[in-house]
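By written order: A, B, C and D. Residues from 1 in each chain.
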Amino acid sequence: MNTFLPLATGFFVNPDTDTLRYIVISLFYLVGAIGFVLSLKWMSDAKTARKGIFAGEIGFVLAIIGTLMLPVITTTGYIYIAIAVLIGAAIGVPLGLLVPMTAMPQRIALSHAFGALAAGLVGIAKYYDNQPDIGWFVMAVLGIEITLGALVFTGSLMAAGKLQEVKWLAQRPIVFPMQKTLNFAVLGLAAVMVVILAVDPSQVWAIPVIIVAGLVFGVLLIIPIGGADMPTVIALLNSYAGIAAALLGFVLENNLLIVAGALVGSSGAILSYIMCRAMNRSFRNVLFGAFGATEAEWGEQEAGSIRSASFDEAGDILKNSRLVVIVPGYGMAVAQAQHKVRELADTLEKEGVEVKYAIHPVAGRMPGHMNVLLAEANVPYEQLLDMEEINPEFPQVDVVLVLGANDVVNPAARHDQKSPIYGMPILDVDKAASVMVVKRSMRPGFAGVENELFFNEKTLMVFGDAKDVMGELITEISGNRDSINV
Amino acid sequence: MNTFLPLATGFFVNPDTDTLRYIVISLFYLVGAIGFVLSLKWMSDAKTARKGIFAGEIGFVLAIIGTLMLPVITTTGYIYIAIAVLIGAAIGVPLGLLVPMTAMPQRIALSHAFGALAAGLVGIAKYYDNQPDIGWFVMAVLGIEITLGALVFTGSLMAAGKLQEVKWLAQRPIVFPMQKTLNFAVLGLAAVMVVILAVDPSQVWAIPVIIVAGLVFGVLLIIPIGGADMPTVIALLNSYAGIAAALLGFVLENNLLIVAGALVGSSGAILSYIMCRAMNRSFRNVLFGAFGATEAEWGEQEAGSIRSASFDEAGDILKNSRLVVIVPGYGMAVAQAQHKVRELADTLEKEGVEVKYAIHPVAGRMPGHMNVLLAEANVPYEQLLDMEEINPEFPQVDVVLVLGANDVVNPAARHDQKSPIYGMPILDVDKAASVMVVKRSMRPGFAGVENELFFNEKTLMVFGDAKDVMGELITEISGNRDSINV
Amino acid sequence: MNVSVEFIMTGLFVFALAGFLGFETIRRVPRLLHTPLMALTNALSAISLVGSIVVLGGQFTAYTTILGFVAVIASTINVVGGFLITDKMLKMFKPREKPKPPEAAEAEAGS
Amino acid sequence: MNVSVEFIMTGLFVFALAGFLGFETIRRVPRLLHTPLMALTNALSAISLVGSIVVLGGQFTAYTTILGFVAVIASTINVVGGFLITDKMLKMFKPREKPKPPEAAEAEAGS
């Protein structure tokens, strides 16, 4: 046989002799791909989003049925598949249902790791199964695919660990001399192996080298990146995982994989681009900037007097305002304070105070993080205002309640050219009549920079865990009301 | 050889023996397709639209270069191609540059005819060249493609004729007994021939039958459709032409044809859908409704007194208003009055009168017809208001100047359930303080229905050709001013 | 001439994706640009030029060569005419000009 | 295992079109839905399940079967977990409720 066998080889069905089966399976894949496209399309509107899930599920069911029709699957194979699927589902269901909303970023990073693991393993199996009879182009694609799978696997695990704030993983970026050189050397090693294999696919030893190089590179890639940049990195890894799936599609001659991979790839790329833009940073800077590594320098610089308030005072101030804007941040997620926040808002509204929420595009640790949490607490989404909408309104606001947010309200982003967050668009809370900041200490946020807002004379600090503080304020406000009513 | 030859047959390049050429040509086609996609994408914004043309042109150049690399083309073949292209360009350039904007609808219909002709001829040639060695599926696709090509060819010619108001073509829909039966019989005949060929591709005689049936069906399809529905029909035919090109792509194993065909097909479908919705009609009703056939019944019904005004009076009224809204319609296109309209607007603005234009979505004879004409006359596009924008403003308007528009301002669409245009959203000009209608007579518009607006006591008719009337009004207004100034 | 099942099945993928893509892009074209859009798709639908060139240049039989000749002419007319017209139309679309000095405006109005 | 040039070239068409389509659709997803979107694409990227099933079910060698087994488990976790999570999140998104009678609201606030 020549180098270019008919399509059927990858697909495991010979279209010339088993035409009907070939057509049926292809149609299943085609409709499955259409399901995926519709799924994303419907996801672009809150009203149709749930229909989108349904379309995606249908797509998956069709893809699986189509695949199970492939004649290559043996009878015992079906049993193995059933067992593996059951195990996977047994793990997937609790992971889907039990993980709290606040742990969503880690959860998503973790599942990138699973996805990349699967893609990588399939690539490896394909290699061992078919070597040395592999054309150079396919071999190169396969090599790249395996590298991507390996690096996304460890990279995602590292990202999940940093987000979960696992003890033995440094949150801060770790930088050391020659770091970039080392990283490129490891990646270069993988690249050389891919070339060697493309030239001579029988060099079996090169595969483990690729795998190890990929795994190591995934770790090295994440080490110099601070926790605050993890969401961007996760979206990037998502994009890579999509590309890996698409490459696998070329190897397996499966258009469905190509479509799904391309969709996921562009999704990840767009989301990471959106995040970068919202932080006014470049991809390069996110990946190699070691953002937040230089905290020490920043931690000391500013000093000044702060004013702090008791719950009693804070409650009074809130109760006596007309318009309060709540600015939630990562601290609300950590404290799981979203339900209490809504309660506070309800309590205030009963006192005749108007309450709005201001959502910064990168508040929290992933795009839309605050939206999901507040949605969980039944805050209607019309009440959440985007940065562009609320910023012009701040001068009319009586009190801004900054709740575990820090970097997204740091005025240094507007004027301090030396600050690492300089140029990031922020919520202009300092334009309001007064600001109340709820956090546990004076520690900086994830960018690791001091926040001059806290030293502003308009600002009142209320120290404590976000959830506890909310509870206290609710008691203060509704308690006061009772005593008046009596 | 078995029924399913390798891909190379349609493509004329054997990927196994002539791999490099195969790859290069495919890449040319791929980049060409991307050019087409970008072309449409950029067309969706006035700022990038001209870049869109450029992308489309690049796409075409790449497609042609790729095709010329096919080894099947002989040396004399190149000469023939050069000659044919030169002839085509010699006709195409003047057709592109000289046709006036007012004749655009016909021009576009005409070029659908050319496109369909080319697609049909290629299909026919492919059949004769390869029969009887054609698989049933490809034969069926080819049969459908030839039918589509033939029917779009005559259908577009008929549509162009009706729009050009050619003498020997009835503008009004022609209906006769058993019409639908006849139409379906002709289409059925073509379908039967396609089946016969799919079963036995050697039945050469069936091809001419298909061609004739297609050509006849194209004529029959248009006969019962009134001139006012032509734009919708043209967009539908555009969609069919796209589908024909895509089918040709399947026959020739050319993905570029499939992509371009699918893009054009969806474009035509969307535009005709938009037009139908703007007229509150269904596709079925457009195609089989014989819209406007029953004019006689309508022509007599209403009567009443009308008020008409001299140019002198009309000029005075316009000059003494604060806000004039101009509603252009098909009559402006017929009279080629767009430049004079702008002049009138300039003259009025110099008198301190504010002038706006209200553009109904189906004013004229094609979507965006008025926009192009007014753009030609240098009216800045921000001054053109869509129906949704201007309708709430009419109560504040002093004078509405209806210029050769009729159906789009007919209040019967709002309340007269028996009227054929009932339910079509209209410009609510009767809400304004007064209305001035410029047209040549009391004849109805293209829907063939009487317009009660003309009998409204607020309405003043100014009879005459739109261009002439504009000229007179300009002289009146600027003349008057001079006499005052002196 | 037989097309492989493989091509037909992948062709369907290409067709479906391009159709969706066309739908998503074109439904965002503003009304203002509908006429230029029609002219542009006119040019694009002349893509059968590719097929016409093969039929003419391949010189399979005298008969097909004649068909190809006509087809190349017809589709070239469309490509050339279509792009030229779209360009001509788009050139006309101008955003609001800066207000002219009154004399210039007057001179133009009188022309 | 050799993939035909034809497949690669058509595959590139499919890839390019799907990429554009993804770009056009996803850039219109509002910020509100970015987290559910990430969860959804998570589920979708587990499409390598298709490949995993073949590797496991084909039982080529003991070695590849083990790899396939792990791969099927890993991707099933993703599919199942991904869809469940997306669903759970979207269920939370509610448009503004009708104002409740004051007692009910009070009871809830106290809970």
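The rule is short, and it goes like this: a contact is a pair of C-beta atoms (placed from the backbone, for glycine too) under 8 Å apart; a residue touches a chain by one contact, two chains touch by 3 or more.
What you are looking at is a predicted structure, and each value in this text was computed from that prediction instead of being measured.
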Report task. Please work out which of A-D and A-C is bridged by more C-beta pairs in contact, and write that pair. Result -> A-D
Report task. Name the chain whose C-alpha centroid is farthest from the C-alpha centroid of chain C. Result -> A
Report task. Determine the centre-to-centre distance between chain A and chain D, using the mean Cα coordinates as centres, and give it in whole Å. Result -> 13
Query - Computed distance of Cα centres, chain B from chain A, in Å - result: 47
Query raised in the report: Distance-wise, how many Å sit between the C-alpha centres of chain A and chain C, to the nearest whole number?
Result: 42
Query raised in the report: Can you give the whole-Å distance between the Cα centres of chain C and chain D?
Result: 37
Report summary line: Two or more other chains are touched by the chain B residues 3-4, 6-7, 15-16, 19, 33, 37, 41, 255, 259
Query raised in the report: What positions in chain D touch 2 or more of the other chains?
Result: 4-7, 10-11, 13-14, 17-18, 20-21, 24-25
Requested in this report: Report the residues of chain C in contact with chain D in the complex, numbered from low to high.
Outcome: 6-7, 10-11, 13-14, 17-18, 20-21, 24-25
**Report entry** Contacting residues of chain D [partner chain B, same complex]
**Finding:** 4-6, 9-10, 12-13, 16-17, 20, 24
Query - Complex contact set, residues of chain D against chain A - result: 1-8, 11, 14-15, 18-19, 21-23, 25-61, 63-65, 67-97, 105-106, 108-109
Report summary line: Listed in rising order, the residues of chain A that touch chain C in the complex are 6-8, 15-16, 19, 22-23, 26-27, 30, 33-34, 37, 41, 255, 259
Requested in this report: Provide the residue numbers of chain A that touch chain D in the complex, in ascending order.
Outcome: 3-7, 9-10, 12, 33, 36-37, 39-41, 43-46, 49-50, 52-53, 56-57, 60, 63-64, 66-68, 70, 72-74, 76-78, 80-81, 84-85, 87-89, 91-93, 95-97, 99, 101, 104, 107-108, 111-112, 114-115, 117-119, 121-122, 124-126, 128-130, 133-135, 137-138, 234-235, 238, 241-242, 244-246, 248-268, 270-271, 274, 343, 346-347, 350, 359, 361, 366-369, 371-372, 375-376, 378, 380-384, 386, 474, 478
